[in-house]
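These notes open a run of structures that come right after.
One chain, subunit A, appears in both complexes that follow, with subunit B as partner in the first and subunit C in the second.
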Partner chain A sequence: MIVCVAVVGHQNNPLYLQSFTEADDALKLHHVVHCSLDVIDERVNNPKRNAPALNETFLGLLYPTENYKVYGYLTNTKVKFIMVTTDLDVKDADARNFFRKFHAAYVDAVSNPFHVPGKKIASRSFGARVSTIVKSFGSGTTA
Partner chain B sequence: MGREVAESCVDGVVMQMVAAYCGGFYAAKPELAARRIEAIGFQVGHQLTERYTMERPRFSDHLEAIKFICKDFWSELFKKQIDNLKTNHRGTFVLQDNRFRWLTRVSVDPSVESMDATENDSTTLGDSAAQTTSMLLYFPCGIIRGALTNLGISCSVTADMSNLPACELHHFSCLLHTMQHHEAA
Partner chain C sequence: MIGVGKAKQYANVLDKPLSRGRQEVSLSAFAFLFSELVQYNQTQVDNIAELERRLEDAGYAVGARVLELLCHREKGNRRETRLLGILSFIHSTVWKVLFGKVADSLEKGTEHEDEYMISEKELLVNRFISVPKDMGAFNCGAFVAGIVRGVLENAGFPAVVTAHFVPIEGQQRPRTTILIKFAEEVLQREARFG
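== the complex of A and B ==
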């Protein structure tokens, strides 16, 4: 189950941050997302460790914590997508698929002429679409 | 999945936009009109790169990003690749398109021109035709600048068609100065 997703702009400015838990741990999840930004920077600036996957948008597992796994995705325009999940055995293909859909939703949202680049995405339809994608990710792994 | 727009609609919108800004809102200040049109293009280019770079790996350097603009981005927008790319290796790039799609259907109404021009010789006609057409180029320039800015290359883009005869308006070359290279040099 995905507990938190985030979109972070090229200057590390948050564009969209949404957690999907009942419990009151939003702050903790935001902290996890915040920490993962450093990991992304490190991955991009020292790409020696994963040389074959050089310059791929999907960054794979950024780091595991006790309860979560954090996945990252970096676009050509330096927009970062981060996903925090509680599933401990996530298939790379599933994560890739999730990010592809998430990215498509983001592109549609920023193509709105009323969206100001660099500002938070306030679109309600984007939020609805992201929650659908997040829900379908959960069902996809159990099925 | 991809939704399409008729080319004639795009042509019409661009021409109407230029007419509205140059003749209506900022009739007295052509530079301001140009800046406004360029800014609209900037936003369009900014959003388009987001979409067109979706399925490709990240660019490792500036040249790769510029090649993307010349090939893929150009084909998406103008249905062909550029004809020539020159660079001085110091951050200036010249992109040349010998048949720039957005200008192929531009024509200048000679009756309007002859009223404007005091003497109806071909040079005055060519001059004002070039001036009218150059207003149409601020929008594509803005698009290219927006696209490159979103890819992390801050630059200035200028269009140039001045050294060409008036009958061949659809030649288009654009000069691209990237700022970061200048600072490094």
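== the complex of A and C ==
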């Protein structure tokens, strides 16, 4: 189950952050997302031999904690998508598929002429669409 | 994409083919809208340089969005990290989506290492525009220069992009050249990549 998704700007400024959990651990999830930014910078600037290709958008598993797994995705505009999940056996294909849909929703949100690039995404339809994508994660349905 | 040809009219929405096909915007509708954009900005400025800057800013917003859209749609999960890669992406993919064809040419500047040029025999935004003599070298291609700058800057390749007219012998209308001058950091990074 996905417990948190985030969109972070190219200057590491939060553009959108949403947690999907009953418990009151939003702050903890924010911290997890924040920590993952360093991992992304490390991945992109110092790629390892066995890591995904230097110019791959899907960054794969960033790091696991005892409760969560954090996955990342970096767009051409250096905007980072982060997904925190409690599932310990997430298929790479499912994560990729999730980020593709998430990216599509983000593209539609920023294509709005009234959206100011670099500012937080306040679109309610974007929020609703993200919730739908999160709910359909791993079930093989399309949003 | 701005289309020159007529789009086929369907009386019934059910007759429309399901495939997306060529999605075109009427050229005359675009020309009218662009004309309004230029005229509006003309009322807000005192000099030509300021008018070009405003058109460039309008284009920049388009470029930033076009990059995000096309990278999701066309790039197949790849980020562009190389200079020639992003230039050919603009010259082919971006141009084709915006203007329905690949740009006429992409050349490297002969005098400076950091300069590249995209040339168009007849830039679409200039098609129905004739610049008055009192406006000197004003070029509405500044809007397209802004689009190019928007794509480059948001992809991590900061550059100064300008539009210029280049006269051609034996032709009434000059060709338009989009001159791209990259920031020093871009060339240094490119050198590191080898």
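Just so we're on the same page, the second predicted complex is superposed on the first by the 133 of 143 C-alpha atoms of A that agree within 3 Å, B and C clash if a C-alpha of one lies under 4 Å from a C-alpha of the other, contacts with A are read in each partner's own complex, and residues count from 1 in each chain.
The rule is simple: contacts are C-beta pairs under 8 Å (C-beta built on N, C-alpha and C of every residue); 3 or more make two chains touch, one makes a residue touch a chain.
Model, not experiment: these values are computed from the prediction.
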Side-by-side fit of subunit B and subunit C on subunit A, or clash: clash
Partner chain(s) touched by A:Leu74 [first = subunit B, second = subunit C, both, neither]: both
Contact residues of subunit A, present in both the subunit B and the subunit C interface: 54-57, 74-78, 103-104, 106-107, 110-111, 113, 117
Footprint of subunit A on subunit B - complex, ascending: 43, 46-47, 49-51, 53-54, 56-60, 150-152
Residues of subunit A touching subunit B in the complex: 10, 54-57, 74-79, 103-104, 106-107, 110-111, 113, 117
Sites on subunit C touched by subunit A in the complex: 61, 64-65, 67-69, 71-72, 75, 77-81, 154-156
Subunit A - residues contacting subunit C, complex: 54-58, 74-78, 96, 100, 103-104, 106-107, 110-111, 113, 117
